[in-house]
């Protein structure tokens, strides 16, 4: 296996020497909320702010995100601290609008099989974070990514975010073995999303460590100033202090591994 | 449970007294192919011609369908015999084009969670056949359909097409219990797709019978003049004679049930 | 496919012309309970009484069945009305004891992979009802049955009782396609258990009909005089009147099919 | 969470400070084979020899293990190097025989729901390694272990060995999140079996590392002097050199973590 094809966005390299974090709330809710989080990311030297502006929700009457207003808040918070923005795009017709505000375009788990969307993203000049469908085999996942690559867009990041199984205790089953498998097949960076995968706060730290030692290039983690009042996915979000503790523990492990290598 | 909300398209009623069939090839391949099938449908008094023009395929280098040319062939064959056309729409930007040629717009299993597409179909003035995602619970499926209904489009047909399980012997597992469950929850017509669900020719007849006796309003079945040469999904397609035999057997069962009711 | 290898126990033929029922409570609880049910079976001309005496329960502190006392009650009720008894055997060391009271030895879903038990049952001189493990492929199921057949015991009945999937609305997913598949592979009788598979009373009738038209030779159904007070699995049990209605509906369908064949 | 309830067998502590290994072939095949492996374990300071003597196999005509002869070979090899023996018990009637030769009694994945076996093991005076059924939720797994604990046997070790999912690229899906979950619920040691879980040699090292950082107390790994000639499960077995490399890499990570703690 040659060198991994890293993805560089501005000064941030995904797939390089350092394990990176993408962090933020499930949904952008207010300027105060997103600024608090951006301030913390800056303090912790995390470079990528995530947040949902256009949200795919199971029910049409659930909160669907702030839309354009959410995008503007993300950009404002990111610009203040020189952060990158990653946010989801759900429809081919939204790509150009979202591209004005985001640095990395995310395809959510429900749209991994939306080949029309993938084809259009192949033509985009933005990095793409392609989440694995929660019921895709590795072959289907890698094939789906080919729709993007064949369009000429090589700035591709994979994300294992849990598969649907019979398990009841966790929301999904984080398929750790997918990390080395996808890297072997594609030689591109893979990150994990332990928040959505487990749905359980206390599992975010151990699962992120598991990602780190199996070759993941980073983790996407949900954080919220007040998880109990979050408009979506509060149960799996870390509060600011919990989040800080997780980052410190993961970095400690990273340093332990590298110190003596 | 009151009367089922039937869907009428021209003279054809889905959810009414008769078990209906939607039949045709996985992909439209040529005028000769689609005409042969349309001729057979006419002979068997089947009113709905299915066929893929825009195909979602796992691999970007697999045959992707004839596109507009396929739509025109479907329409031509349908018009000759006064058939209805049902075909898949994969992208919001294709809805108006496909609506010119099709009578029923199909959402495929990979796009059931594509809420942007569903919202746009809620505004369309065409009946929609919404296939269940192979990874959706019943609740998620019914919720997804609400995206269409809330847009004002009430001409909605559900389709159980198999869920992904650990099973190896069949392509998917046809969830027969979903038929009564969805009907109880929605009071709308549900059809089944035994071809994609099983991937095995010999199971199409028994599974269609199972659908009939559990309350399905119809079945969508793949038929091809020469399945071994089909450009996609040949292994599960019936040839013309096999198809005729299946239709006759299902109708015989339907008549047996109704004769003495 | 030649003639199916029917299983004859006394005068009762499983796999023959008539669709048979095995019915009774999840657990034998009292003489009054089991007598009420046996009386109803006699009235409805059902020949096989089921009931658990030794119960495999997820928790060691849940009701584990009446044991030997349960076996005696089953036999007493059966003898009064010339019924056959089918009940579960969980351990090689219980085979001879249970064989004194039962006519058909049932292997439960949790023990299909218990090859030691299957080998011993191969030497038994009693018919065996082998339930499919809720996570066995068809190949694994048929292979497991070979442990019994190779021991010389040919009186074998298969039972599809639902597989474990991601589904939340039903307890398991009844794999109707397994019925024709197992029959094709083994040429032996297959019955279904819609009670355990669905866990939902209202699905028992449609699922039993689905079994009938796809080639099942019978159904095992839970019935209880007072389901709300059942010591186990009450939610899926039919009361006596509901049960009578299901039997009548299934027999009506059976007669409709046969009348005009 | 208080201190973990470690299991001590002779001088070996499972759940204590050191990550332990149980290693050996899927099946004991010959004295030469098992001696070669025992010699390597001794060299690598691994204290527990695993090997199947009574094998549960999907097909009754597949190799079923050497039985008593296999037990004797395991004991002989273990005694030469003062190793412990862990081997599978499949039937209540074999417990006393196997207890004469083994130090730890293993319950295989197919027998986790065999409550009769678990009850008897609750009375045994041997440590028990209870593998998770590939179809058990965490709740079912912990409940099953209660059958052993309630019998008075507290020397219990859990083993996550992969669950059955829709995945095709790996044999099972190793559920890494189960490790912290089971530890939280039981406060007892959990080990992992990456060999059976993945079925892929190259995944054994990363998955073992994932186990180590998420709190597993050890790993059970298949090793064979000549995997290509193994009578069972060769594809997932490491040869002696590969095995040595895996052990060294895992210990290096363990030391890195502990050095700076």
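We just call them A, B, C and D in the order they show up, numbering each chain from 1.
The rule is simple: a residue touches a chain if its C-beta (ideal position, glycine included) is under 8 Å from a C-beta of that chain, and two chains touch if they have at least 3 such contacts.
Just so it is clear, the structure is predicted and the values come from calculations on it, not from any experiment.
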Provide the labels of all chains in contact with chain A and in contact with chain D. B, C
More C-beta pairs touching across which pair, A-B or B-D? A-B
Please tell me the distance, in whole Å, between the geometric centres of chain B and chain D computed from their C-alpha atoms. 49
Per the centroid of Cα atoms for each chain, what is the distance between chain A and chain B, given in Å? 35
Find every residue in chain C that makes contact with two or more other chains and list them. 135, 139, 164-166
So how do the chains connect up here, line, ring, star, complete, or something else (other)? complete
Contacting residues of chain B [partner chain C, same complex]: 135, 137-139, 163, 165-170, 173-177, 179-181, 184, 197-198, 200, 202-203, 206-207, 209-210, 212-215, 252-253, 255-257, 259-260
With touch defined as at the start, can you tell me which chain D residues reach chain B in the complex? 164-166
Touching chain C in the complex: which residues of chain D? 56-61, 90-94, 110-111, 113-117, 119, 134-135, 139-140, 143-144, 146-147, 150, 164
